[in-house]
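Across the two complexes that follow, subunit A remains constant while its partner is subunit B and subsequently subunit C.
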Partner chain A sequence: MEFIRFIVKRIIFFLITMFLAATFTFVLIKSLPGGPFGSDKMIHPQIMENLNEKYGLNEPLHRQYIMYMQNLLKGDLGISMIYKNRSVSSIIKRAFPVSLDLGIRAVALAVSAGLLMGLLPALHNNKVMDYLVLAVTMLAISMPGFVMGMLLQYLVSFRLSEALQSITGIGYSIFPITGWGSFRYTVVPSIALAIGAMGMMAKMLRAGIKDTLNQNYIIMSRAKGMTHMEVVIRHALKNAVLPLLSISGPLITSIIMGSFVIENIFSIPGLGQYFVSSVQDKDYTMVVGLSVFTVFLVVLANTLTDIIYAVVDPRVRIVSRK
Partner chain B sequence: MKIITGYALLLVVFITMSIALSGCGTAEAGFNQVNINLGEEPSTLDPQLAYDVVPMRVINATFEGLMRKDKDGTPIPGVAKEYVISDDRLTYTFYLKDDAVWWDGTGVTAQNFKDAWMRALDPKPKYHEPSYMAYLLFCIEGAKEYAYGEGKAGDVAIYVKDEKTLSVTLIDPTPYFLDLVCNSVYMPINSEFFERQISNDNISKYGSEAKALLGNGPFKIEEWNHDESIILTKNETYWNSENIKLDRIKFCMIRENTAAINSFKAGEIDMVEIIDPLLIKEFEKSGYQVGSYDVGLVEYISMNNEDPILRNGNIRKALSYALDRKTFVEKVLGDGSQEALGFVSPMVRGYEGYFRDQAGDLFKDNDVKKAKELLAQGLKELNLSDMPKLSILADDKETSKRDAQVIQDMWRKNLGVEVEIQIMSFDAMAEKMMQGDYQMSLLMWSGEYNDPRAYLEVFSSSNYYNVAYYVNSHFDELLDRIIGEKDLEKRMSLLVEAEKVAMSDMPVCPVYFAQNSYAVRSGVKGLVRGSSGIQDIDLYWTYIE
Partner chain C sequence: MLYFIKKVALGLSKDRAALVCAIFITVVVLAAIVIPVVSHYDYYSHDADSKFLPPFTGGHWFGTDEFGRDLFVRVWHGVRISFAIGVLVAFIQMLIGTLYGGVAGIFGGLVDEVMMRFADVMYSVPNLVVVVLITLLMGNNELSVIFALSLTDWTTAARVVRGQTLVLKEMEFVQAAKVLGAKRPQIMLKHILPNCSGPILVNLMINIPSAIFAESTLSFLGIGIKPPAASLGTLVNEGFKYVNINYYSWVIFIPLLFIALIMISLNILGDALQKVLDSKS
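Right after this comes the complex of A and B.
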């Protein structure tokens, strides 16, 4: 019963969020000057009128809104106004898997490397290692994505590939600079996308472990005669991971939804660029379609995180029941 | 220590894995392929719907109109084997080549052209949006009325005489009609193929997928991986295929110029646009071929001729004369762009030779003394003691911001005039200009066809895009006479006069004629970059050495 109520509440919440998101984006994008047609090309006024009529843009705003919402209810996101005769859902269907692929690689990399780096200083109990990790994580967090992306592209995709090419004598670059395809295309962009999240995870984990290692129950376990390694892995890690879980939902969705910057730098055919270009082009249907899709994913991810959190931390469950 | 060795091992495994797993990708030797960066995903490859340069780069290779452009940009017969112009210069009759065929081998007919042109003019097409570029067909009798929903389709003067003969009647003698016919919107369409692309929900897939396209050009489309690449292969059924050297073209879509430059240096693409002029020297030193071409763009400052201050011609002239355009193009741009001392681009042809050579420079710039005199005189006429601060709108592109700052600096130094730069999106700028709510704005203009009229029309008082709100009845009258003039030499001298009349009022202040620079891999020869959109990248004569 509890559980059903929880789910029903979630679903209602979810629908309200979707509705609000669609409405807000609709209002915001319509309030921008200009329209989807000819933002850098002047179009004859009469032709513009024909275009507006074709897409129903000559109707009063509230009529457009009702029309749009009706289509949305039918699950129809409409036709892109920039990419002629392509439906918004077909573009999402094609581009999202690419972003998802890249995102999953990046998340896997970020989580494994982040956990490893967060654990290292505690495991080694070594000041130098601690400072080293701190320095690396701070750099990873504070370096903007486009700097990191371009740096890695130049150093790894271009220079390192060139060097490896001359050493091994193979006739192609090992890490291509741009494009998307086989495994070697994915390496550098995944690293570039993962680095920020990795730094964040490592930093939080390091702080969390440091914090828990000073708790009484840890001293107690040590007193029982457990080794340092056992204490860290069995007791400290479990508690230190909790705060990580709460940020992982939004973090992972933001990575998976596609990074405009990284996808742009490496020319990856993902969804990321559409978030920016559709607003710039005033591709109304695309903007609202994308935001509805994003909200769907984010709410989904948050709900999942909540559930996982409840499973991992019994305290949360108790609070939510009250 | 143990851990470090472990990591090192991991790295080695990782690298070997990536080498082992690497797929194909590079071309075989002896196979003529070029890799060209399109810059972005084309919005469509439907020739009637395409409106910007990106899809036209592909359309130029996959379609062919009645005429196509030669290496120097002049129209030469494409699908047409010959054409006849009537004595009154109003009727054009095109005779089509017998061996001009679609990719599937069926012949290209006169009806295919009529269908395409009528489709572009259709004000309410059923399966797609109306064409942006329809106005390029407005020189045809009845076309404008039909497109504006005021006339009938039957009144458009495009006649199919027989399967291979097409005749068109124009409203005015239009000496640049053959130039227009090269454009994307004039490309033929295979209607039966088009009909087959209509899906259940009344949307035509035509031009949105590789398999939803049927062309008649020198190359055919093999793959279209959206946002990633378009692959073209040589079309063996093309009438001139023996002279097409390339076997394969790969268009990729690299949006970031820095990434494109790295890609170019690493050999992944064969040509790259140069935005930073410092790179020109670097590329030349590294042995690449560096070129630049006139894109037909003139950068100019539009001045609101209805503004209480800029209404004064002497002030407008003072602002224009105070600019040092030579320093601008040499020190700031350094990419071969030329100073604009007129409005019509230097790539526009006149009556024998180029228009600019005939019209010459229309004023002298960097003339600080004269500018100051004019300013003082202008202020006196306006009863002002000193110059109020002006404002100039610029869009948010890096180059526009840079140019606006240079202009601001030159005016401050040479004339003591303060100008505030307001950066905004182009849409916001356009809205303000259309309402007349601005003083000055930094703009670019390019003609849609190779004729001075395409530039000068913007000063006509009835023109929708006359955002300078310039009104000169003498100029309007000259332009009217130009439209009806059958004697080409006389027509051109009228155009020269019209530009002179406009520039003597200085309704806008031209700054420079833009050039684009690019680098090409040394083995790639015969790559043409033309001044018109359809010929921006022309691979017709390209070969690998």
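Right after this comes the complex of A and C.
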């Protein structure tokens, strides 16, 4: 019962957020200077009027608002103001799979590397390794995505590829500098995107394991004769992984937003690339459409992870009922 | 306030890494204030005769960029803008958050519920999108970027202050003040805010690097501050767009190095401050 109430609450929150975001973008697009047909070219007033009538732009505002909302519900995000006959949804259909692919690779990398980095110092009980991990996580967290992206692009895509090329004698570069295609293309961007999230995970995991290892029941299980390895894996890890779910929302947000940057550095034809170029071109309908879609993605991901968290950890449902 | 400074100074003096970072940041801030003023180059003049000079040639310590502009001054100017924006944005976020959380906490009930749900909405919407939409409306200058960034990320401060207010307003000394006839604003200012200044300060310290982070990312994408004005992000963006990294790597790597060092120092400092001020509770 509690659980159902929690899920319903989360879904209502999701709907309210989307409603507010849609309303905000509607207000925004109405207050921007110039309509969709107000280009530099002179247009005959009659044609202008016909166009406005065709797209319902001469209707009263509240009618336009209702139309806008109805279109959103149908998944129609409008038409690009710069590219002729290109709808925002067609661009999303083309670009989103690319971004999703990159995002999934990055998440997989971040989770595996983050777990490894959080676990290693505890497993080996090694001071030097602990400091090393601490330094690497600090670096990973504080470097903005574009710094990491450009460094990796230079060091791996330029320098390492060049070196490998001259050593192995292959005629093409192993890690291409830009573009998107086979596995070779995906390696460096995925690593660059994963680093920030990996740092956040490793930091939290490390702190969690350290905390748990000081608990009484750990001393008890050591007294029982469990080896250090067993204690860390069976008790400490289990307790430290759970809180990771609580930051999975921000983590996913950071991966989605980070992909905007990485896609621009490596010229990957994903959502971020289109988003940034449409902002630069002042393609208002496109920016607004892509923004609504991005907000949708992020909030959906947050809602899903919250629900998963509540499934795994019953305390979450009870606290949130308050 | 004096108590805080003492506590922070004592805590930092024990943490060697944080101390180094504090000194580094102080030096960088001072240099960013002084160098653009005293240097006989400026950050916007083109010089077609001295394009792409490598570092330490012709009196240009960091070399010059694709228009022959002196990179040394440009970088320090960029540091100045990035810091100014970071600190200003973090302060405005703190003010908004404190006011918002305080009002929600002290009124309680339905007001609190509605206000905090709205804060949740703001928290769940990605910052970059909000900032891009606002700058679309207001143009790409420093003021609009500051304004847009300030409207995001205030939710953590609001939550902290609201939580503290809810606890504190039930405490005896606040009840006593109420009985003695103190009004709500007075209670808020005199009794509640001083008691949450620790977490607020930590939040401010954490928000400065994240504001610099957000601004430089925006500028790097070419949708933040526009040239010839230059934040560190703009510098990297220009280098990335117009410069071949194989031949003129310094144009890109010097600003990158500055961003990296500043971000790391501010983050270590924030962590240290959190440790110092949290140990009280």
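Heads up, the rule we're going with is that the second predicted complex is superposed on the first by the 246 of 322 C-alpha atoms of A that agree within 3 Å, B and C clash if a C-alpha of one lies under 4 Å from a C-alpha of the other, contacts with A are read in each partner's own complex, and residues count from 1 in each chain.
Everything below uses one rule, namely that a residue touches a chain if its C-beta (ideal position, glycine included) is under 8 Å from a C-beta of that chain, and two chains touch if they have at least 3 such contacts.
Everything numeric here is computed off the predicted structure, so don't read it as measured data.
In the superposition on chain A, A:F96 makes contact with neither subunit B nor subunit C.
Of the two partner chains, subunit B and subunit C are each touched by A:Y154. In the superposition on chain A, no contact is made by A:Y309 with either subunit B or subunit C.
Contacts of A:Y83 after superposition: subunit B is touched, whereas subunit C is not reached. When the two structures are aligned on the shared chain, A:V298 is found in touch with subunit C, with no touch to subunit B. More residues of subunit A lie in touch with B than with the remaining chain of the pair subunit B and subunit C. In the superposed pair of complexes, A:I170 makes contact with subunit B only, with no contact to subunit C.
In the superposed model, A:F26 makes contact with neither subunit B nor subunit C. Using the contact criterion defined above for the overlaid structures, shared-chain residue A:F183 touches subunit B, although it does not reach subunit C.
By the touch criterion defined above, A:I256 reaches subunit C but does not reach subunit B. When both complexes are aligned on chain A by C-alpha atoms, subunit A residues 32, 150, 154, 158, 264-265, 282 touch subunit B in the first and subunit C in the second. Contacts from subunit A toward subunit C in the complex involve residues 13, 16-17, 20-21, 24-25, 28, 31-32, 138-139, 141-147, 150-151, 154, 158, 249, 253, 256-257, 260-261, 264-265, 275-276, 279-280, 282, 284, 287-288, 291, 294-295, 298-299, 302. Residues 117, 120-121, 124-129, 132-133, 136-137, 209, 213, 216-217, 220-223, 233, 236, 240, 245-246, 249, 252, 256, 259-260, 263-264, 266-268 of subunit C are the ones touching subunit A in the complex.
Of all residues in subunit A, only 32-35, 37-47, 50-51, 53-55, 79, 82-87, 91, 94-95, 150, 153-154, 157-158, 161-162, 164, 168, 170-184, 187, 264-267, 269-270, 273, 282 touch subunit B in the complex they form.
Chain contact summary for the complex, subunit B toward subunit A: residues 14-15, 17-19, 21-23, 25-26, 41, 43-44, 46, 49, 51-52, 123-125, 127-132, 134-135, 147-149, 203-208, 225-229, 252-256, 258-260, 262-263, 265-268, 425-428, 430-431, 464-465.
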